[in-house]
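In what comes next, subunit A is part of two complexes: it sits with subunit B in the first one and with subunit C in the second one.
Entry: the complex of A and B
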């Protein structure tokens, strides 16, 4: 709660400090000092920062996050409008990342220091160190422009055409996933290698079980705890909007909204997004705890019986 | 007296930056069908590495030479796919610490039945029935409920019973028990050892019981092999070794046992010094700690001799002769 206050106040303070004026954005060319004053009064911007913050908190407590200076739309509904895009992107990226990272981690742990493991170690360092805007452009160029497999920009709502929707979401999701794949696979690999030295893995092997069975049915689960934590954190980050990727692929998501709002000094929308992200983290952390219980019966034991 | 498992010249060493560490050095050992063999040695003598060599559970930096013959096949050179058909089905292993040898996130039932379904080709239901019977046989109350539970819900003694059940699930001919009671409370140790002895007798199974505790093998194993610095220094029938140890190390081990009837508050005998470092050994590895050692012992390595009429073998240039050894090893078992 205290964190929420600090974060929202800091957001308002910083956006306020920055250059620019929402009034000038709203008024466009027809700008006069008189009109600016009028707009400031209408939006309550003539009051001191502290007072504005106080009134925002009072309204936020009743789940009223105010209206955007720019669009006059309630902040909450404009976030909700863009949420499906961001949410789908985030989940799709996570899914892709896990789908690739888990098998790769299993193999590179099983054949540690093998040829593929070394190759992957180089490849993943490369992936981690390449920024999203470079990676996104490269992927868009080869898979979108050259191969024409996926559209480079734009968004089709899922309800309209599920196939087009997934095709459109693929490139941005892949861009987001590449970095995650690299991190997840390295992390999980290290944990699996440690698990493979455990007595219970040796015991399972001494019972004649196949290597694949031991890896998947004995070693994977107790090795996934840190992966779960990391995946949860990164999902939280992505729900706040993948700013760079959404801008790059022109997707109408929360990240794009955030960028526009910051540029137009639309403080209330920025505030709304900040609160939303904070809440999303809380929900995700609770989900991670449930995930731990699912992974590890020793955690569960407290509730059972 | 047909040999069931035969180790011939088995050596295991680890490639380390400091050089090759020889953990097991040219070991010959025979496990006879239906009999029990105790493998005794202090920490670092290579007995656990030997058991893991037999089961091929060594880490990748380990190198192995020699042969482990089971039913005419060398377990060390068999393709993994074929070796896997024997592990669990014909040869299995019980580990030292039941807290770590059961998978904490896998139900007890699956850990028991997975090898049955693999080796015995039976239905899930049948495997579950057999596993439940086995748990009951091993003295685990409410076996049905235990099967559905996880290892952390069990006490240490119960867990070790479950790991024994998992090892015995497919009725193997050979059980290798690597310090099966070291991690348990003293009161539980005896129960588990008696249980292992009973199961072995009932099933006519051969067992290799690895321990650092001579008290564990006394009266429980038919044969005994004493390991030191990765080598077998003395072997033979347990009774004979307890009565007339020929190798000074065996005698010293026996002398360090606490015994009933000794003077109150008498100090336990200890063996001075530490086990040898196993990098590039030369001569008899026990020589630095041996009161009988001569220059010969430091220069040359004594080989394990041929068995005498009682089946005893030893690797020593200056064995304790049968007469003096009666006092040196007095009070062991009898």
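Entry: the complex of A and C
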């Protein structure tokens, strides 16, 4: 709870921390003493701090983050408009990452120290080291500009044409996914290797079950808990990465809105996005904490059914 | 708020936890052989990483002494392609400025920002973490809560929020990146201090009447320093990526001072026709981050006996 308080308080205080009067930032050139007073009143800056915080939180709790001085649109409605794009990217990236990472991890664990495993260990170090903006441009160049398989910029709403939407979302999602693939596959590989040492795997093998069956049915399940935790936690990283990727591929998501708002000094919108993202992040983390105990049977005291 | 407690420090800081890729279980005869092969490969990687970082560092430090073209004025036609020649081997950028000199001066920004802010984060985080771990109680709770609050923001979003508030400048950048790198060190130092504070040498020092300050600086700090420093390499890699991303978004060091992220960003408009404008700085950037990661991985495996304290 204390964390929530500090997070919201710090975000609210953001407006005051900037250089100069927030009103002058908001108004730009068209500045008169009367207007400043007006803005101060609108923002509630003429009230004591605690009262301001109280009313701000009360409003924020109902998703009312005020109105943008730039677009005159409520901040929440512009966030909501763009939220689907960011969410789709994050989910698609997550899906891609798991789809690639699980088979790769199974194979590299099964043939640990084989050729592919060694290749993968180098490749994944490279993937972990490549930031989204480098990777995104490399992918855009080879798969978009050279091969022309995917559009490099632009976004088609899903309702308009699901196929075009997925085609457009693929490159950005892949960009986000690559780092995750590397991390997931390493983690899962290590866990599977540990599981394969267990006696019950040996027992399953000695019963003549095929390697594939043992890997998928016996080894994958008990090995996947830490992966699931990590996958949940990485949503925050995906949100951060989405900022870069959305700006890179010109996608109308929340991240792009954040960058635009920063560039146009639209403090209220920035504030709204930051507090929204931070709260979402805290809620996700808390859910995972609960979910982990629920997922891992050992925590419940009953072994996997 | 315990939600974030259980999360590996690396993930919390937005770092990709580079798991040591070595084989996990019991070692078999063939496992030993391959481990040795892996060991040799990783040693080669580490040497290459040191060589690359050394090169970049020497060039960045000695930039003023080198016969380099100015980084902010055109030296040739726009978008000359790189080639094996003495004059501008890396070609020129969109308005004819020397890519080589921009890359080298950019290294200055990336490295100094990365290293300085991590050192600041190390100092602040190490101190806070040691205090929290050593004294425990209320102080620990307060520091822990503050730490969790910083971690409650996705790293890049926090960085952008700070940039939105303050004017773009070098001190702002270093300060905000230091804030970003602090929580990892707090956790690391706290875990270390917790594990050492009941050890015999600390008890001995205390019974000899040593003050808290003396125990912290003379007994605990030397023991924690190695694991903190070895971890710093990984954090530097993360921070350089963060700085690059920020510059790429146009919110880093203001132009005309070159930065790698900014170079990539300006090259982006010519991706279809002159991809080298993106790829040259991108490759340099990538190699640098990779080198820090390789060295960090190695250093951590060697020095950090308390890796388990992280997760």
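The definition used in the following text is that the second predicted complex is superposed on the first by the 222 of 305 C-alpha atoms of A that agree within 3 Å, B and C clash if a C-alpha of one lies under 4 Å from a C-alpha of the other, contacts with A are read in each partner's own complex, and residues count from 1 in each chain.
Just so we're on the same page, contacts are C-beta pairs under 8 Å (C-beta built on N, C-alpha and C of every residue); 3 or more make two chains touch, one makes a residue touch a chain.
Everything numeric here is computed off the predicted structure, so don't read it as measured data.
Contacts of A:194 after superposition on the shared chain: subunit C is touched, whereas subunit B is not.
After overlaying the two complexes on the shared chain, residue contacts for A:208 are found with subunit B alone; subunit C is out of touch. More residues of subunit A lie in touch with C than with the remaining chain of the pair subunit B and subunit C.
Applying the stated contact rule after C-alpha superposition, one finds that A:95 touches neither subunit B nor subunit C.
When the two structures are aligned on the shared chain, A:240 is found in touch with subunit C, with no touch to subunit B. Once the two complexes are overlaid on the shared chain, A:217 sits against subunit B while remaining clear of subunit C.
The intersection of subunit A residues touching subunit B with those touching subunit C, taken from the two complexes, comprises 112, 197. Subunit B contributes residues 52, 55, 57, 59-60, 80, 84-89, 92-93, 95-97, 100-106, 111, 114-115, 118-119, 150, 152-153, 163, 166-167, 169 to its touches with subunit A in the complex.
Those residues of subunit C that touch subunit A in the shared complex are 1-7, 11, 14, 16-19, 21, 23-26, 30-31, 34, 37-38, 41, 145-146, 148-149, 152-157, 160-161, 163-167, 237, 241, 244-245, 248-251, 261, 264-265, 268, 271-272, 275, 278-279, 282, 285-286, 289-290, 293-294. For subunit A in complex with subunit B, the touching residues are 112, 197-211, 213, 217-218, 221-222, 295-298, 301. Touching subunit C in their complex are the following residues of subunit A: 1-4, 6-7, 10-11, 14, 17-19, 112-113, 118, 121, 124-126, 128-134, 137-138, 140-141, 145, 152, 179, 182-183, 186-187, 190-191, 193-194, 196-197, 230, 233-234, 236-237, 239-241, 243-244, 247-248, 258-259, 261-263, 265, 267, 270, 273-274, 277-278, 281-282, 285-286, 288-289, 292.
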